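Okay, so chain A shows up in both of these, paired with chain B first and chain C after.
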Partner chain A sequence: MTIAIPSVIHTRFGAARYSNTGPSQTFIHTIANWMWLPMLMMGVMAIATSVGLGIAQARVASDLTEFTALRQANYETLKPLTAGFLFLGAALILSGISFLLATILGALRKGGGEVQEAVGARAKTLTMPWSAWAFLGLMMIGLMAELVAFGTLTYVAVQTHDAWISATAAGAPGDVDAFHRASTFAAWANPLATAALGALLTGIAFALYTISNVLGFGFSRIRELILGEEEGDLS
Partner chain B sequence: MSTTSTIILNQRVDPYVEADQSTGRNMIQTMGHYLWGPMTLMGFMLVITAFALSVARAQLSVDLSEQFTAVRKANFETIGQLIPGFMFLGFAFILAGVSFAIARILGAFRVGGGMVQEAAGPRIKTMIMPTTAWIFLGGMMMAMMLMVFAFFGHVYAAVQAHEAWINATGPNAPDLPFLGRADTWGTWLEGIRRLGIGMYLASIAFGLTTITKAIRFQTLRIRELATEQQAVA
Partner chain C sequence: MASTTNTLSITRPNAPVSDYGKHTWQYYAGPAIALAAVMLLAALFVITAVIAGSVSQLTDPARAAEHASRLGRVQAYQAWLAPASFAAIALAMLGIVVTLWGIVQRLWIRVEAIKESLPALVKPRGDAL
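The block that comes next holds the complex of A and B.
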């Protein structure tokens, strides 16, 4: 008598699926395999740009001992741009790390399937858990929020330039409206950029939780294969 | 022609204990198992709170550009001190969530490794908590204390900033001693916050090193089990 094994079962680690062959990597794993390095590189380049802008700002600051409207405008414009590039770089590096964690999950999925196939068992694989979806969502929200913050800080830089280019003395912007617009936008753009990093880090915590779950499932499956007994459906 | 290769199995760098039964998670791993989620979520909520405060501050900035009042200016400066306090406390909680998730991974290795050894053979070998894990724990706790201290420091600075502006008669007439205290605290707390984040990241690096130790231990143990099985056969 043969016992029919359902294609989807519920385990201690979440829903799992049986298949005759080992699973391939998902679309997200494939993207992660290709994207982690470009993201990290872009992040490092953005931070290097920010350092360059910081040096330029320091140079303008030393020239400002003698006030001109142009120097003051350049000095004030470089401030939000430096912050914008710095936050963008940090966000891109965190996205690169997130993609790397996704490649680990992909390797565990593919490798686990290959091991099961090699010992002649049906491949049992976890379906994509809720924490992986949360990880993806937070990563995308974080990256998008960071891009919005970067765009806003660029706008702040433009407004600041307009405010100071017609100034007649230090501490007295020429265009007061533009100055207030820049202050108002900067008041929320900088915290938005920091909050976006928080979202990316939260996503990383979810990714690590997913990895711990997948490892637990992997060990449990190896135990099943050694003992030759299948864990029942918990649903 | 045949070749012979020798694998040295017992040159373990990490000490271990041997038992008849699988050991469960230790206390830290159990904490990590249950606390990673609440910590992460609380952290994310604090970060969102800080962003909401910044939106309120932007509105106050608009109001101040229309007309100066002492209350508006006091609120503007008070919130300016509270935003970094909430933001970095949020980061501290999120990084604690990340650290606990790493502890959870270590727990998965410990429990899972024991389970597999129990199924495969009579003796279960478990790695003793290595020095890197203790450094990971200690660093994480110190970083959390620094960040909590920085948060309360910012609350104090916020109170000082409020006192400095609440009776101001014009945009350039704050109560200078209060303003000085608020600025001084705000300046050195920035250093404390960065030190806290740096300590968190360093302790996370030690947590990841502990994971590599666990993987190395298990790889050696799997080889050992395979050899034992061959000898029995």
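The block that comes next holds the complex of A and C.
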């Protein structure tokens, strides 16, 4: 005897779908599987660059007791550049973590299907929950905002150099207009970079929430298979 | 019974899993990297505390003659301390990454273990769900 089961049912963990074979990896999971390591490596390289810039800035700072416009310009220029690479590196590492969390979700989805196939049952899989969409959206917003902030801080570095290269005394920029432009852009670029990190971290929180939900669904499904009881609204 | 997977992936074991209880290398490396990051952060904090002492002397009128050299030293330390602290935090994040990598590996090992053992628990039914 075969029970007639609708293709989409509602469970405590969200909407689920039945299929005769286990689900394959989604496009997002495939991208995440390939991208998490490159993202991580780029993040590590950006952080290493910022440490190098910091050391260069320290060397310039130790010579600042004798004022020259070039030294002052180099010192002031390295500040926004170092900050830009720091934030970019942190964002790329957090994006790597986000992709790795998506890989975990992919493993739970595909692995769950393989387990159900192994016992000859129809594969029951959760449809993509709202929290997963929120995770993806926040991650993309965070990464894009961080790239904008990095571009802006690079622009700030250029303007800062223009402002100080013609200085005649310490604390008095030579090009006041360039100094004001640099100050204005730096005033919102740094908070934007911080907000972008916040968006990435919030996305990670949503990813962990989704993993928690999917784990609960997985345990529930194993119980169903062993006991032969079906959970969920089949109507 | 050993299970096999034929997927080329750094997150899924490519070799047959013979011992489901064996710890992955990420199980040891993740916490080790995180601990190294904490120790680095502690060392950087000590250096920052020493520099903070120099900052407090910048406003001391009795040491006005040393202000310029002292300010230069403070600026020099601050210039590399901030990125170094960020690098230490990045190292802690790497610890998280390696641990999560281990979780993915462990999930796939669990899938293989369940695929092997679950059919023995499930009674054959004609109306399999």
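Just so we're on the same page, the second predicted complex is superposed on the first by the 229 of 235 C-alpha atoms of A that agree within 3 Å, B and C clash if a C-alpha of one lies under 4 Å from a C-alpha of the other, contacts with A are read in each partner's own complex, and residues count from 1 in each chain.
Quick note on the criterion: a residue touches a chain if its C-beta (ideal position, glycine included) is under 8 Å from a C-beta of that chain, and two chains touch if they have at least 3 such contacts.
Note that the coordinates shown come from a computational prediction; the quantities given were computed from them, not determined experimentally.
Once both complexes are superposed on chain A, the partners chain B and chain C fit side by side without clashing. Look at A:133: by the touch rule set out above, it reaches neither chain B nor chain C. Look at A:201: by the touch rule set out above, it reaches chain B but stays clear of chain C.
In the superposition on chain A, A:209 contacts chain B only, with no contact to chain C.
When the two complexes are overlaid, the chain among chain B and chain C that reaches more residues of chain A is C. Here the vertex is the CA centre of chain A, and the angle it makes with the centres of chain B and chain C is 60 degrees, a multiple of 10.
Contacts of A:191 after superposition on the shared chain: chain B is touched, whereas chain C is not.
Contact with chain B, but none with chain C, is seen for A:183 once the two complexes are overlaid on the shared chain. Judged by the touch definition given at the top, the superposed model places A:222 against both chain B and chain C. Chain B and chain C never share a C-alpha pair closer than 7 Å once the two structures are laid over each other. Looking at chain A, you'll find residues 222, 226 touch chain B in one structure and chain C in the other.
Taken in their complex, chain B has these residues touching chain A: 36-37, 40, 43-44, 47-48, 50-51, 53-55, 57-58, 61-62, 65, 83, 87, 90-91, 94-95, 97-98, 101-102, 104-105, 107-109, 111-113, 115-116, 118-120.
Only residues 1-3, 5, 33, 37, 40, 43-44, 47-48, 50-51, 53-55, 57-65, 75, 78, 82, 86, 89-90, 93-94, 96-97, 100-101, 103-104, 107-108, 111-112, 114-115, 118-122, 124, 222, 224-226, 228, 230 of chain A touch chain C when the two sit together in their complex.
By the touch rule above, chain A contacts chain B in their complex via residues 176, 180, 183-185, 187-188, 190-192, 194-195, 197-199, 201-202, 204-206, 208-209, 211-213, 215-216, 218-220, 222-223, 226-227. Residue ranges of chain C in contact with chain A, taken from their complex: 9-12, 68-69, 71-73, 75-84, 86-87, 89-90, 93-94, 96-97, 100-101, 103-104, 107-108, 110-111, 114-115, 118-119, 121-123, 125-129.
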